[in-house]
Structure formats: C-alpha cells, structure tokens
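Two complexes are shown next, each including chain A; its partner changes from chain B in the first to chain C in the second.
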Partner chain A sequence: MLAFALKRLGLAVLVTFTVSAISFSLLHLSGDPATAIAGENATEADIAAINEQYGFDRPFAEQYAEWLWNAVQGDFGQSYYFKLPVAELIADRLSVTMTLGVCAISFALLTAVPLGVLAAIRPNSLIDRIALFISVAGQAMPSFWFGLIMIVVFSIKFRLLPPSGSETWRHFIMPTIVLGYYAMPAIMRLTRAGMLEVLNADYVRTARAKGAGAGRVLFKHALRNAIVPVVSLSAVQMGFMLGGSIVVESIFALHGAGYLAWESIGRHDLPTVQALILIFSCFYILFTLLSDLANAWLDPRIRVG
Partner chain B sequence: MTSASAQTSESIVAVSRSVLLRRRVFGHYGLLFGLAVLGIVVAAAVFAPLLAEHSPYTQNLAARMKPPFWMAGSDPSHLLGTDQLGRDYLARLLYGARISLLIGLVTALISGLIGTALGVAAGYFGGKVDLAVTFLINVRLAMPVVLVALAIVALFGGSLQIVILVLGFLLWDRFAVVMRSSVMQIRGLEYVNAARAIGCSTPRILLSEIMPNVANNLIVVMTLEMAHAILLEAALSFLGLGVQPPTPSWGLMISEGKEMMLFQPWLITIPGIALFLLVLAINLLGDGLRDVTAPEAKG
Partner chain C sequence: MKPIIATGAIALAAALSSGQAFANKADDTLHTAFSKELETTDFYFQSAREGTILARQVWDGLVYRDQKTGEYIGNLASSWEWIDDTTLEFKLREGIKFHNGEEFDADDVVYTVNYVVDPDNHVVVPGNVNWMESAEKIDKYTVRIHTKGPFPAALEYLAGLVSIYPNEYYAEVGPTGMGQKPVGTGPYMVESVDPGKHYVLKKYDDYHESPKGKASIGTIDIRTIPDVNTQMAELFSGGIDMIWNVPSDQATQLKAMDQFTVSNESTMRIGYITMDAAGRGGENPFQKKEVREAVGYAIDRQAIVDNLLQGSSKVVPSACYPSQFGCEQDVKAYPYDPEKAKELLAEAGYPDGFTIDFYAYRNRPYAEAMMAYLAEVGIKTDLNYLQYSALREMQQKGDAGFGFLTWGSNSIADVSAITSLFFKFGNQDFARDEEVKNWLDAGDTTVDGEVRKENYSKALKKIADEAYWIPLFSYNTNYVFTKEVDFSPSPDEIVRFFEMSWK
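Showing the complex of A and B:
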C-alpha cells in the first residue's frame, strides 16, 4: 500500500508541475503582457518600463523558474489590477467557492443517490423513467441558461430568493442547485448501474434467502458495495465543479474564486489568472489522488494491478 | 420482452444482421428522436438564407423588441420577434444553428484526430508509449477547461476560429481514454496477430485491422464531444469571451437578452431551448448509436 501511495503521489506532483508549465507558457506566449497592463494608448517608453519592472524582457525559462519557485512557497506575485498579493486575494475568495462546492456536491449526492437506488429497485418503472429523464436533461441543459431561468422564476417572479451576491445562506441556494445539477446525471447513472449489478449478485440472493429484511438487504448488503465507485466519482466531480464554478459564480455574482477568475481574465490580470488555474488544477489533482488512495485501500486488487 | 424472444426464436436463423440492426434502430425512440431533431437543425442551418426573410445583421431601431407570434403586439413579418437592436430573432436563431453545428463538428474533428492518435498509439504499443499518453491524459484532465479556454480566448481575441482551435486542443481526453481501452481489448485478438504474422506493416494493421473495429466507439465519443463543444462555446460566448458580436451565436443571444429578461423573458428562452434541444438530440443520438451497435454495453 505504501509503495502504491508513493507512486501515486509522485505522479500527482509531476502532473501539477506539467500543468503549471503549460499554463504559464500559454498565458505568456499568447499575448504581450506589457501591452495588456499598459493599455492600448501606451507609448513605447511605457511598455519598455513595464517590461523591465515586471521582468518580461528576461528569458522565458528564467521567468517561469522564478514564478514556480515563489509559487511553491505560496507567493503568486502581485495582482496587476488590485496591486495586492495574489495569494491574499485568492485566500479571501476561496472560502465562498469551497462552500459552494461542498453544498453543490452534497445536493447532487442527496438527490442522485436515492433516485439511482429507487430506479435500480424498479427498473423500467415510472420512477426509473423520471430518473432517466432528469439525467438526460441535466446533461443537455446549459448551466448558465438554467441559472438565468431560475433567477427569472425565483427572484423576479416569486421574489423568493436574492438574484445575486454572497452575503447570506439564501444567496447560495440557487447556485448550489445549478452547480449540483451539473454533477447529478453521472452520479445517478453510476448508482443505478452499481445497484443493478449488486442486486443480482449471489451474496444479495443469499442474504434474502437467509430471511434478511428488505431494508437490511438494500442498505447493509447492496448499497454499501454499490456506493464505493460513487464516492470516487464524487471526488472527481468535485474537482470538475470547482473549475466549473466560474460560470455559476459569474451568473449569480457570487464573489468567489471563480468570479475573481472571470474578472481577472477580463482585466488581463495574468498573475491572478495563472495562480487560479494552478489552484483549481491542484484541487482536482488532490481530489483524484484521495479517491485513488481510498479505492486502493478498499480494494487490494488495484494496488497490485 | 417475452413476445420479442418468442418471435426471434422462431426465425432465429433467417434473421440477417442488417434486419436485426434495422429493427434495433426503429425500436429505439431516443435514437429516432435525436436523428429527427438533429435533421431539423441541420436543415435549418443549411437553408437558413431561404427560411429567413430578414438578414440576421440588419438593425432596425424603430422595431426593437417586437414580441414573438404567440404574444400580443407581435409583427407577422417577425415570427419570433426582434431583439434589442431590432434584428429579426428567427433569422438570428437560424444562422446561429450554423455557428453551433460548425463549432461542434470542427471541434470534434480536431480533438478526435488528436485523441484518437494518442489513444490508438497507447493502446496498440503499450509500455512506455502508454505511460506517456496516460500522463498526458492526466495533465489534460487536471486543467480546468472553462478557465483555460476563457483565458486563452481573452488573450488571442475572440473569434470563431480561435474558439474552435482552443476547444479542439482541449477536448481530446475522452477520445484518448476510450480509444486506448478499445484498442487494448482487440490488439491481442487472432486477426490482428494473423495480420502481423503475414508481415503487414504497422500502419496497415492500425488502419485496416484496428480502426474499423473501434470505429463504433469513435463515432459515439464524437457525438458526445460535439455536444460538449456546443455547450462550451455557448458558455464562453455567454461570458463574453467566445464568439464576438454581431455573430448570431446562441450563447451570445442569451447573453444579450439577459439585460431584458425581466420584461422580455422570451429573449433568453428561445435560444436557450434551441441550445437544449440540439445538445439533447446529439446526446440521444450518441447513446442510441452505442445501444444499437453494441447492445451488450447498454447501461
């Protein structure tokens, strides 16, 4: 187990470095950062001064090495726009995004798992069809549009919920539903497929034959085994969701890291965008690492294979 | 189920593969629905100049925000009304179908080419090649797609070509994953070994033995990634960092209608429903193709 864990950890670190290198080069090679900061009416002298001040005139590899060395120590440089340390800016906003992420994944699990279980107990029944419809519709629904429709219905028509902001828990209800609905279809399908497989397994038949009650068979024997892949899928989905929060946060003006990313992209604030890409990637890498380790711990076959 | 099995057991020898396939296709309502809706959208896109009475770009400030035909005060020459600049909404919707289909198709082709090359190489050669490709897939999955796409489009400036290129270079991961595992499953089969034994070159084995047998999976992934690309383009354009105005992109139409959604909700519901239906149809088509070509994999 230790060997597997170390190998997996090494891979995660390697992936992190590669992502940082790719995103750094993409952002630095694709535009002229000095013009972006100085604005379109800047003179040549302005641009030269900015190049020197920020070190854009130095070799590319040197810039990357310096940025990486500082980033590892938690220093992501100064935001061009806010003139504040990027690390501070992001730390401020990250709690909102984390809250949203945790709420959304909880919402997705609390709706998708029961629905998947019910659908598996009665395949091809009405509830199975409803579950299928919800998941198919969920995959096709543009989340920004779903968010707007919710604002029209719940904020404008019925005046139940605030349309934007992040002050109270009520501001989080609609973003949670929109972001959670994005993760629901995959979780529901996996729960249903897992339950269908497990319910036909020999040990479930044995449990029934022994005379175990229906509830006991369902929760103690079947769900416990069917839920294992769902847990690792949720970890991956959580990583995707934090990256996807940029759309939801900008619709509801929820001042989290995703909103900061959107604003910073519009302002060509490279250090902030760079740091955010790296941080969102790290979250994804961390969640998949944890889920892989948990799986290997639960299932010895993975460790060896 | 029982009646169907009784029917097939009677004529089990007589039923040919093509008849079986036809039966499966016509018994699959999701697939039929997907085909029908996609057909309508493709027709709308191709014949947009014939179907639309107005240009999607001509502004008419005297006739701004005319409501669609089912509401009071509508103008019969603008069936779906006009937007905040007085442009015909039906024309913009029809021409918008071209943008969505173009983005979906070209993106899926680019990412399909990259992902298939990587996945087939990894699956066929295994070993170090496989390790390298798996690593690349991990790196790609770790990058937040929306964020990276937005950042690059913002730096290069939004245009149709840039959006297609960026999405094409970002969405290859699923192709690589699926092609890798499909090729792994068949690379040790007898007909592949036989081809190797009679001295076929590697490119020949890959192109004429491996590819035809994984083409089904490739087509299914292609439809799903088309849908994915269409949704992402709409989201990027909605956030203002995708296709730029005055191009009639559905995402952009929703973004422009957002300011008026309080009084004119149809400005966002019409393009939104179009987007939803198109993506739904492509997804159903993909799921249906999987069910029909590989019924044993139905999940």
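Showing the complex of A and C:
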C-alpha cells in the first residue's frame, strides 16, 4: 500500500510538472506578454521597455527554469498586473473559491444522492420522473442563464438576496445553488444507476432474506456499494468547481480564483496563471487521492487490491 | 415533510430580507461599479480607464483643463510661463495639504517628476511622462520642468497624466504602498482598498480652492462587477446608484422604463480601418491607392453609427478625434458609394475583387458589418478576431495590415496623441509616408500653435487623400444612474465623482 501510494505521488509530481511546463509554453505562444502588460494605450517604446524590464527577450527555457526554481522554494513572484505578491493575491481569492466549492458540492451531494436513491427505489415512478426532469434541466441550462434568472427572481423581484459580492453568507446562496446544480445531474444519475444495479444484486437479496431491516439494507448494504463511483465523480467535480467556476464567479462578482485565472490569462499575468495552474492541478491530484482513500474505506476490496 | 419545507422556506426568506442595505442619498454614499479589475491605484503603474478615473478623485495635477472652455487653469500651480522652448516654470499654490497632513511644496513636484521619468522605476506607460527631462526646485513654491525637446502639448499632458505625489510618503512606501493606501491632495481621500475588488473614497474636507471644486457626496463606494447584467441587477435592486459603459440596446430599454436617468456622451475613442499601403507584410492590393479609396467608399459608416453605435457617436472624417487640437476636419471625404468603389477596384485591376484576411479585436458586430459592406463591392474577407495584445504583436512584425482598430488617445485632446503615434514610422504605421512624418514631426516639436495646426493639417489632408486610414466613427458611453443623482458626464470618458451631487 505504501509503495503504491509513493508511486502515485511520484506520478502526481510529474503530472504537475508537465502541466506547468505546457501552460508556461502555451502562455508564451499565445501572445506577447509585454504588449498585454503595457495595455491598449502603450506606444512601442513602452512595450520595448517592458520587454527589457521583465526579461521576456531572454530564452524561453531560461525563463521557465527561473520560475520553477523560485516556485520550488515557495516564491511565486509578483503579479505583473496587480504588482502584489502572487501568494498574497491567491490566498485572498482562493478563500472565496474554496467556500463556494465546498458549499456547492455539499449542496449537490445533499440533493443528488437522496434523489438518486429515491428514484432507484421506485424506478419509473413519479418521483423518478421528477428527479429525471430536475437533472435534465440542470444539465441543459447554461449556468450564466440560470444565474441571471436567479438574480431576476431573488434580487430584483423579491429583493431577498444581494445580486453580487462576497461580503456575507447571503452572498453565497445563489452562487452555491447555481454551481451545485451544475454538478448535481451527473451525481444523481450515477447514484440512481448504481443503486438500481446493487438493489438487484444477490447479496442484497440475501440481506433481505436474512431479515435485515429495509433501512439497513438500503444504506449499509446497497448505498455503500453504489456510492463508490459517486465519490470518484464528486472528487473530479470538486476539482472542476475550484478551477472552473469562472462563469458563476463572474456573474455574481465573487472575485474568486477561477475568475482570477481566466482574467490573468487575458492579461498575460504569467506568475499568477502559473501559480494558479499549479494549485489547481494539486487540488485535482489531492481530491483524486482522497477519493481513492474514501473508496478504500467504503470498499475493502479496493484496500486489499 | 412538505409543511416543514414550506415553513423553512418562509423563515429563510424572512431572515434574508431583514437587514438588506439599500444605497441611497440617506447615508450619503454613492455606490457604483467598475467593470474591470484595476491593477493598482498607483496611477503610474496601471494603464486602465478606471485608474485614470480614480486618479482624478485622489490626486491633482499642476494644471486643470476646463471641460467647457478647453482652457488650462492652475490647480496645484497658480501660474506658469515658458522660460524657453524646453523650460516651463510654475508658481505653486501655498497652504495645500496632502490627505496625510504632509505639506505640498516644490519638493513634491520635483520628487514626483524625477521619479516617474527615471527609466529604472519602470512606470507602466512611459510615453505619458518621458517627454519630461527633469524637474528642478527654484524655491519652496517655484519649480521648473525641463522637457526633452520642444513639447507643445506639455500642459495637456500635465493636466491629464501627471498626478503629484507626496514626496516623503512615496519615498517611504513606494508603488506598492501607494497601491494599498493612496495619498494625494485631491477632492476625495481613499479610505480603503481591496485590490481589484473594492474601493471606498471619502470627501476631503480640507480640499484647496481648486478649479475642480469641493466634492459634494460624502462617500463613494466602488465595487468591481465584471458582468454588465449583474451591474444592471444591482441597479434595479438598489445595490448601486450608477453604472456606465452600458450597451446601447440595454440603455434604450432602460431609458424607456423612465426609472433611471440615461445619459449618453461621446468619448475620444475613434475606430478606423488600417491598410498595408507600404507593403510591410508583402505585396498586397492595398498598395494601390484606388483599392484603399474603394474601401472608404464601400462602407456605409453612417448606417453603422445609426444602427450599432447609436447615441452621440458620429462619423469622423479625419485620422483623429474632432475636438483634439490640430484635428483638421476639412479633408477628402469618402461618402458611401458602392458603385464608385467597384469602379475603383476595376481600375486597380480587381474587377472581380479579391479575398483577404481582416483583423479586429473588439466590437465584433461592427467588424462584421464592415465585412458585409466590403463583400458587396467584391472584397471578400476572412475575419481574424484576436486579443488586442496578439494583434499588436503581429503588427509589430508587419502582419495584420488590414483591420478594424480603435484608439482612445488617453483622453489627451491633442493630435500628437493619435496621428503622430500612428504615422511616424512606428510599428503600427502601415503608410510609411516620409512627407506625413515630417509634417507631424514639425507639429510635435513647435510651440507655436498656428504653425502646429498648419503642419498637422497638411499631414491629415494627405492621410485622407491617400486613404492610408479610413477613419470610421467616434465611440460613446451610456451612463445610467438613479433619479437621486445629479450628474452630467463629460466627453473625455472620465467620471468626476467630485462634480456629482444628490438631487
């Protein structure tokens, strides 16, 4: 198990390294950073001065090596755009994204799993149909549209919730629902499919036969097995929510890490983008690892295997 | 189970609706929004419109340009005179204090100027300041600014682009500190900065007798809200009192609702079509004058203004914004005439037109309208819609010679901020006309206004005759604010909070 874990960790480091190298090259290929930093009003002399100042005229490999060396030592440099230490900037933005991500995935799990279970217990019943409708709607609605509809209803019509900002918990309600709803359909459908499968499995029939209560059969025997792929899926969704909540963060003016990453690409703010990519890839790796561990706990066969 | 959910929802709704703060004049706070995350509040280390807007509230220049008369009035300076072609002497006002209590005198001007012109300090837009050589203290309230060569637009630049910093404070905190806690002499003090996200300004009660006038509204609260729909939602729900840069179709709807004041004002930004007349990117049809003229006749610019830009936008005839100093208006015009365009193309040897790449970086619908007009006369285009920086990079290499671009002149009301930038053999100059360059040089380095006008006029007339550029239209901005706000926007696209008041 330890050797397995170490091997996985080594692989993870390699993945992170590759991701950062590729993103570094892509950013350099996609346009001239000096022109982006100088802004629209810059003259050519301005751009030349910036090229020299930031050393963009140096060989590409040299620039990457320098960045990597500093990053390994925990120094992500200064944001070209905000002129602030990248670590400070990201810490601030990440807290918003983390809050939103955790709330959204919790919302998704808390609604999707019970709905999926209910739908599986009574397949093709009214509740199954409703669950199907909800998940199809969630999959089909673009989040920017859903977000705006929420704003129209809850902020403008009823004036219950503030449309934008991140000052209080009330600011997080609509973004949580919009982002969580996006992740919900997949989780629900997977829960339903898994439950349907295991509810027809021999060991569930055996459990029923030996007289186990309905609740015990459902949760201890069936759900515990059906939930394994859901855990893996949630880990991926969580990673997506931390890096990919750009639209939601933008609509609700949350100023999180996803929006920062998106904007930083346009601004060619290389240190910020590089640091964010590193952090996002670490998150993905961390969540995958956590889901593996959770699955091993849920399913002893994975532990042994 | 159902009743529990129902009660829960009602309780939640009740909890949520309490304590909702609405912006209004009762708490003397104007809430508004930026669309873009501002890099830093240190004016010299950013290049955004938002930064210019903030700077006008927090800092002062030596002089101020009156929006109505266009005249320069002393602000931190009380008077000035040209000692010679490259020396401008200022008498400073006495008794002015910075927001932190520091006294304003010649040392502040000298420190600020010498700091920003020093190439080692790497201000973001050196072109704004590097026409100055240095500043020199004569006595406590007299200071001289030395320019590198004759620079006739000096006062315009000083009014718009040179904010005076407190020397002791800036020496201590530097650009990072100024970005977190800006200190100036302006009508508003900065109370808090959450970088890129949130800025709170408070009225400066000890503001000096400046032509800007004292601020009326007590607090200005600015949040960054990137999505224009969200900005409108905030406006509707009472979260903010004012927004700007509202797209024309939405502004029209808002106007019809009669709940808000919608005010439209032109900006100094103009759109233009550039063509590779010099053949920098290799042989191309635009090296023929007839083809360039055909482009001018092919596009119905008035229709684009009427249908897409709307508001106070106008077709511009010349390669500059009409109110800029030296912007000759009496130049060859290219009215919409597709037949003539076809004739010219045939004359140039393209009776069936040709196919070519067309570059653009903003306002895609405008670009597409132009492409449709061009297609009608036979010029078929493939659109390359790029990030601005990518487009600039291509032009540096001589590529992307045919495209729709725009320029805002940094709100500098002088032709040297636009025509001279583009037609003096720089890397966005696809005309490379020696004669035009010489006229512009003469205009840029003469202090005599009449001589300048004469030279700029010659240059602009030739640019139009040769159709190096097809100037298109001026841009406009829609400002939308609640009926409680008293505000009239100015044509330089700078929001002056200190001129606003409650009705």
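What we mean here is this: the second predicted complex is superposed on the first by the 277 of 305 C-alpha atoms of A that agree within 3 Å, B and C clash if a C-alpha of one lies under 4 Å from a C-alpha of the other, contacts with A are read in each partner's own complex, and residues count from 1 in each chain.
We adopt the following convention: a residue touches a chain if its C-beta (ideal position, glycine included) is under 8 Å from a C-beta of that chain, and two chains touch if they have at least 3 such contacts.
Everything quoted here is computed from the prediction, not taken from an experiment.
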item: Which of chain B and chain C A:A49 touches, first, second, both or neither; value: second
item: Partner chain(s) touched by A:I127 [first = chain B, second = chain C, both, neither]; value: neither
item: First (chain B), second (chain C), both or neither touched by A:F82; value: second
item: Contacts of A:A137 with chain B and chain C, given as first, second, both or neither; value: first
item: Touching partner for A:G243 - first (chain B), second (chain C), both, neither; value: first
item: Touching partner for A:H268 - first (chain B), second (chain C), both, neither; value: both
item: Touched partner set for A:V228, first chain B, second chain C, both or neither; value: neither
item: First (chain B), second (chain C), both or neither touched by A:L148; value: both
item: First (chain B), second (chain C), both or neither touched by A:L27; value: first
item: Common ground on chain A, meaning residues reached by chain C in one complex and by chain B in the other; value: 30-31, 36, 148, 151-152, 156, 250, 266, 268
item: Partner chain C, residues of chain A touching it in the complex; value: 30-33, 35-47, 49-50, 53, 81-84, 89, 148, 151-152, 155-156, 158-165, 170, 173, 250-253, 255, 259, 263, 266, 268
item: Residues of chain B that touch chain A when the two form their complex; value: 135, 138-139, 141-148, 150-152, 154-156, 227, 231, 234-235, 238-241, 251, 254, 258, 261-262, 265, 268-269, 272, 275-277, 279-280, 283-284, 299
item: Complex interface listing, chain C residues touching chain A; value: 13, 16-17, 20, 37, 39-40, 42, 45-48, 119, 122, 124-127, 130, 175-176, 179, 195-197, 223-227, 229-230, 233-234, 236-239, 387-390, 392-393, 396, 408, 410, 421, 426-428
item: Residues of chain A defined as touching chain B within the complex; value: 11, 14-16, 18-19, 22-23, 26-27, 30-31, 36, 136-137, 139-145, 148-149, 151-152, 156, 189, 193, 242-244, 246-247, 250, 261-262, 265-266, 268, 273, 276-277, 280-281, 284-285, 288
